[in-house]
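Working notes, beginning with the structure itself.
Letters are used for the chains, namely A, B, C and D, taken in the order the chains are written, and counting of residues starts over at 1 for each.
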Amino acid sequence: MIRVGILGATGAVGQRFVQLLDGHPAFELAAVTASEDSAGSSYRDAAKWRVSTPIPDDVAEMTVTSTDPDEVPDDVDLLFSSLPSGAAEVVEPEFLEAGYVVSSNSSNARLDDDVPLVIPEINPDHLDLIEVQRDNRGWDGALIKNPNCSTITMVPALAALDQFGLERVHVSTLQAVSGAGYSGVTSMEIIDNAIPHIGGEEEKMETESRKLLGSVGEDGVDWHDASVSASCNRIATIDGHLENVFVETEADPTIDEVAEAFRAAPSQDLPSAPDPLIHVFEDPDRPQPRLDRMVGDGMAIAVGGIQTTDSGIQFNVLSHNTIRGAAGASVLNGELLADRGWL
Amino acid sequence: MIRVGILGATGAVGQRFVQLLDGHPAFELAAVTASEDSAGSSYRDAAKWRVSTPIPDDVAEMTVTSTDPDEVPDDVDLLFSSLPSGAAEVVEPEFLEAGYVVSSNSSNARLDDDVPLVIPEINPDHLDLIEVQRDNRGWDGALIKNPNCSTITMVPALAALDQFGLERVHVSTLQAVSGAGYSGVTSMEIIDNAIPHIGGEEEKMETESRKLLGSVGEDGVDWHDASVSASCNRIATIDGHLENVFVETEADPTIDEVAEAFRAAPSQDLPSAPDPLIHVFEDPDRPQPRLDRMVGDGMAIAVGGIQTTDSGIQFNVLSHNTIRGAAGASVLNGELLADRGWL
Amino acid sequence: MIRVGILGATGAVGQRFVQLLDGHPAFELAAVTASEDSAGSSYRDAAKWRVSTPIPDDVAEMTVTSTDPDEVPDDVDLLFSSLPSGAAEVVEPEFLEAGYVVSSNSSNARLDDDVPLVIPEINPDHLDLIEVQRDNRGWDGALIKNPNCSTITMVPALAALDQFGLERVHVSTLQAVSGAGYSGVTSMEIIDNAIPHIGGEEEKMETESRKLLGSVGEDGVDWHDASVSASCNRIATIDGHLENVFVETEADPTIDEVAEAFRAAPSQDLPSAPDPLIHVFEDPDRPQPRLDRMVGDGMAIAVGGIQTTDSGIQFNVLSHNTIRGAAGASVLNGELLADRGWL
Amino acid sequence: MIRVGILGATGAVGQRFVQLLDGHPAFELAAVTASEDSAGSSYRDAAKWRVSTPIPDDVAEMTVTSTDPDEVPDDVDLLFSSLPSGAAEVVEPEFLEAGYVVSSNSSNARLDDDVPLVIPEINPDHLDLIEVQRDNRGWDGALIKNPNCSTITMVPALAALDQFGLERVHVSTLQAVSGAGYSGVTSMEIIDNAIPHIGGEEEKMETESRKLLGSVGEDGVDWHDASVSASCNRIATIDGHLENVFVETEADPTIDEVAEAFRAAPSQDLPSAPDPLIHVFEDPDRPQPRLDRMVGDGMAIAVGGIQTTDSGIQFNVLSHNTIRGAAGASVLNGELLADRGWL
């Protein structure tokens, strides 16, 4: 078993990490960190547990440490990070200098030339950047990032369509409140309402997508040259980001060819990887957040409503934003790192 | 005062008609019709009143008649229709043959060559089709339609941008449940959920928009040749359709030019017409359905989030779907008919 | 394995039966019935599957029959019924005459003197009424009922407190929309709203509770003589009925004695019976519907907020209304029937 | 016109004060205060306006001052306070020493012997305590409080029933999120959920009710000796507290006598006082928060579902928690003070 830790273990994504690592076949949770205030408390007391499955007994009794390399046992080989990006910017480098491998969900550094931004089924070869990273930074450890929750929902579908020559993407999102963290959206903001703006989200979708779909070159990633325009909305759902995607491609595939491309999207042979990666719905009113966010245990991408239009292809896509879109993505990246011998 | 009636007065849109006509400066409600079952009842008993302002006392005591030209007093000059389209298809022609002028919110016949589909501020000249209609059909009356609620939300903004050469539109909607009528969306379908499909809605947006933006020619309307692709979603809001619009134009206007174009959209000098027609928000997180659907007493269009993108312009638009998008639209069309001498 | 069937298998509760019977250790699903219209279709086509776990493949391929004793195989030993009460009133006797044992969730006949209304952990001895029932009606089969979802949530807690001499109960409910069936509550009724009335529900809580807590006498059940007053509300939750209970007892137990009484509530050694039956929360803001409805796989009762007041005891109680409160209750009753040799 | 000010004018209740004072026949808004950070800003910039009617232009341009007696003009005669109770405890006495009359919605000091806790229609004579207060404290000003939003919803109905000899009250509340302030309840807490606990709320209902229904004696108020037990729940509504009330009285009134008692509840001849005070609904499923919270412009009490039970009377009651339950209550108390010559 590989011993792992969670940086920022008490927050909403931190709790998801604990849930997903409970009973994991290859990872054994050995360290949970949080802010100074919580250091010394039991995890049960430090985390106000809000996941709908019970808190695992052994984790509940673990002692929370501060988020400091000196406080994490040396035999921990892999750290998952769900720190706020401001904190991560400061703390992650400290752990990397201390030699830890960090699979991070935090939004800082995702676009850095020498930081792999990875979805295992899409661009596992981007891990090669770790060599560049170590050369550049003199780290013993390694930093790998997963993309933003709204990006990761869409990119597997875009990757499947790139065989037709991806040129232009317009996307509108209907995002769940859990994406903003436990206190990110107040009830006064969202009951009988929707908010047509999520700070920074549109830019993340536009940039991260192009990096993910790019290819590794001499000095980093050559970004894909498709244009991506996003409009991001918050709605009153707990979990599950739903997105309407309009795609223009060089070729003019039929609906059947598009569906077949989605179904043929490659899976990975890793413990948390779903098979199939993309689940295609025939009913035009699916996927729906509450009904379909747990497809593939929350790790698959659900697609439906495929149509052809005057200008290209149109479809809807959904994934679970705190599983495939956050904690599950980092765990899967950790599994990829283990599988490819980086631990 | 012009005496008016409501066909289908007891449903959700019918109740809105009653509310909007209460205290109207030019129209006096003189007839309310419903299905055979309700004929002979008081309006209070026939309508299960669900609007949050009180039922007007005088309407409450009116006797409901069946939806039959023989049952409506002859001195009624104008009828508003919110019948289900199946019923409207049968009944509206009966009233037209009997000489009534009908301002209808029902979706049938909207695309017919000789039926004016009108937003008074956008294409009042389409009323000229009434002459063609009378020639074709031998009616004494006249039939005029307002567009679908999701179409009417977007088209005033598109019209304002046509000065830049409108070429292509992608639009995603976040539509309120009232758009489906009182029982159209169950609570099991929408709590903690969204539905990425509304039957027929996408096609309505694509076709009605192009007819509205077209110009009256010899044999009807020459539709605008912009391409429109829509993706329609139902979310858990009571009233107010929010839409993300991506527009490509020949020219490349700046954000300020776009905002100025919206602010300069012409108003009409009619009792229910808002001034300004389009309200432009500066805050990027506005307009929002619950906060902004009552802008201009529910008759204005709210716009925000204007951005320029690689491929054009992006913005959000909102209107109240059962006021500007349904009953209010028909009332406003009625006011236009009166003003232009068609009654 | 005991072969079982579901009467009314395509509705909301019917789908829960299918979900709960999938992989059941003792029951094998061998028949699914629905209305005449669906007879001959596959279950996949007849049921619009709306449960968030996938439809079991083998059930999906089963052929739906009409709800008629001649259409159900003779080797089926036990039928679960979730028919609307009007239909159940007619059809259930036909199955009973044909010799089937029926564990029914339908509300008809629950108060009949010779029909056992049973919660296995509370009043398993009421099964003795089956002998009376057979004598009275000449049936080879047997009819057993589980109580209404709001009643079954409260009664285990009341039973635990009866050692202190239960005298008077006031209860207010906050009930989930699934309790009304898939289309029972429209979205217009419940978004940003609550409805302080559920037809017939208050009476069910007042009468069923007293029968369940009663003892079997010569001629049926001697009802408990506590008074029960209920006020029932519908709120915007999908699943999970939350109830505020005020209880007056002869004795004056302390908070600790009340909690201990709840914790000591007896479990049953049956496959679907939770252990413990009652889960006591210490946090005053628990149980909550979304977080706690799945306690004990949806079969346990969650209690919290225990306080003593001027007039007695006050606490909150929650259970999953379509599992413990409907399909799960019937399955558990079926397990009790099997265990006690009635099949 | 009486010149008035608002202490804490930028928060949720503060914004309601601004809305309610706009166009008030007797009060002219002359001062708006907020925390140090906002001092010097325009009200438009300091308040993130979230009320669904537009911000009044003249107030938008007012300069916010800090909440300090030296910063408020001397010719302001009456201050409305919606400060958090911690701040109010410190600041309100400073204004009282400086001679201001303060009509406060804050929860501190409500139970003090010499502080009038007033609902004008119920206990206007409690104003007499101001003399005691001035003697005790040496203030030139006067402090008057309105009760908590959940208390004020119920007490008018209880007062109407006291003619039957009020003995015991059990009440369950379904409270709107606005009662907790703009950020008081997160969306993660309340979507598809309810919370059976609101800190301190049950005690407020139990104590404030008894003080309000008490009579002024030599040394303060002799509290009513009825027992009140409350269970308070938060649900996913924006505005409007709904409450299920069970009352036991000495006499046994009929449903008609109860309804008549409610209808006969006295109104007050003050600008914001509704007439009637209590609106009685016949439909058993009313009042409902979204449909009925604006009865009497948000200042009336809506009652429905009257039943008699084994142990007494049962009914439901609703009011708008940020109008009648907060800002409107303070304004009405200010009108009472003006009418009775205390300004």
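One rule holds for everything that comes next: a residue touches a chain if its C-beta (ideal position, glycine included) is under 8 Å from a C-beta of that chain, and two chains touch if they have at least 3 such contacts.
Just so you know, these numbers come straight off a predicted model, no measurement behind them.
Student: I need the common contact partners of chain B and chain C, sorted by label.
Tutor: A, D
Student: Rotation angle for the CA superposition of chain A on chain B, to the nearest 5°?
Tutor: So the angle, rounded to a multiple of 5, is 180 degrees.
Student: Which chain has its C-alpha centroid farthest away from the centroid of chain C?
Tutor: Farthest chain from chain C, going by C-alpha centroids: B.
Student: Need the CA-centroid distance for the pair chain B / chain D, whole Å please.
Tutor: Going by mean C-alpha positions, chain B sits 40 Å from chain D.
Student: Could you work out how far the Cα centre of chain A sits from that of chain D, in whole Å?
Tutor: 47
Student: What positions in chain C touch 2 or more of the other chains?
Tutor: Answer for chain C, listing residues that touch two or more other chains: 50, 191-192, 236-238, 290-291.
Student: Residues of chain C touching chain A in their complex?
Tutor: Touch residues, chain C against chain A: 50, 52-53, 191-192, 238, 290-292, 294.
Student: Can you check the complex and tell me which residues of chain B touch chain C?
Tutor: So the residues of chain B in touch with chain C come to 12, 50, 177-178, 182-192, 236-238.
Student: Over in the complex, which chain B residues touch chain A? Could you list them?
Tutor: Residues in contact with chain A: 168, 170, 172, 174, 191-197, 227, 229, 231, 233, 235-238, 242, 244, 246, 284-291, 304-305, 309-311, 314, 316.
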